[in-house]
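Note that the chains are named A, B, C and D in the order they appear, and that numbering of residues resets to 1 at the start of each chain.
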């Protein structure tokens, strides 16, 4: 059983382009919010707290693959069904199913890491923290 | 020999997030602009003209796959090297290599279609128009 | 008594800039959504319907004046209290008070028009339609 | 003689809304970039350097007033003519004239401060630093 958290998103006029449909980069804005929302719903503290407690400053994106199935437009309300499809030692696959009620709109699989800061300020992948994984399963 | 068009993009303060790096949905904003810019540089008329002449209202995205290699931040100037990696009968693969001079930052392969309107207003994939393909090769 | 409609907005990580506060153009994104939401809550049909029935294609912005009182950051939930402060013959003043519960965050007064299309495609201000005004008071 | 710096901005498809014109919050995105660009062109170091040298972490916006004169759409190239119209003791007025070649598109006057951090992390207005003012006049 994989835990699924649903994030709801209204589509606004300004999210749509001259073709009157959602301009696709906006889906990634919403998916990023759904990603953070997933961890919060699972009880993971906000990143500015995990930075102090375990060095995790966020979950930077390494790879994303999305399929656009149906268009959406303003007035629509979308549901983003978010889960972690796979845990790896130093990364994880976060999965999104965007629907308009029963209709599939878009699907996305991302590879993210738990990022920490190196001394020179650059980012590195930390081993997946057990306490975060336990909260999300 | 594949034709490559370079689109240049400044990174601004507001493109960056609290981690001080480009918030990733902004890469898709820029890639969408680079896609349109590619066709314009190849001599393809703007979509509001092709809509009248051949029914093409744009190149909606069907699938996208991106890898994030290095972070970028404000003050950076990026180059988006854009080409068509593959022509299919009713779609094409548009490829992007985002660099900061010699450093690779991000890579993306998209499947797009040439979209036309059905009578009910919905979108359908048109056969790749020969005259557009010729201009882009 | 002026009618006030409240639009709620979560602040997301990606809405914030490297100073860790909401990047101000995002307030205008939300205010524009609150503007449209106001008319919908008042019972005004969507613009693609009013375009057919009374020629109104939207409420383009002519002038906006905003004061930024307190910063907001991700995790915050904001309320946008929206009303029409003044009806003129060919324009109206739409007023927004953005709060985080009891705290004022931002205030904005806009002048908008009910826009119609001229034959050449350009926009013109229509007289404020009585039926819309009645619904919003 | 007031110093004016010009920032150029292409309008992209995704900057436009279903009415096929620039969605107005995008003007504020560009104006914020023009603001930062003004200081850089005047020789002011980036904010992460001024933070160390004089405590200035940026120029947060206090008040903005904009007039929208003509619409713009994708394919347009805009010029943002930026200057400081007035220096006050703890704030300044930054002025923008957005044109499409000879045509005025939009005008904006902002009040900004030079922001520093209080010990509790909140922001306060610093006296306008003489060395910055001298560079910008």
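Following the convention adopted for this analysis, contacts are C-beta pairs under 8 Å (C-beta built on N, C-alpha and C of every residue); 3 or more make two chains touch, one makes a residue touch a chain.
Keep in mind it's a predicted model, so treat the numbers as computed, not measured.
Ranked by separation of Cα centres from chain A, the top chain is D.
Looking across A-C, A-B or B-C, the interface that copies B-D in more than half of its residue contact pairs is found at A-C. With centres set at the average Cα position, the gap from chain C to chain D is 23 Å. In whole angstrom, the spacing between the mean C-alpha positions of chain A and chain D is 32.
Across the assembly, chain C contributes 13-14, 23, 25, 29, 32, 58, 74 as residues in contact with two or more other chains. Contacts from chain B toward chain D in the complex involve residues 10, 12-14, 29, 32-33, 36, 46, 58, 74-75. Note for the complex: chain C touches chain B at residues 13-14, 16-18, 20, 23, 25, 74.
On the side of chain D, the complex with chain C involves touching residues 19, 21, 23-26, 28-29, 32, 57-58, 60-68, 71, 115, 122-123.
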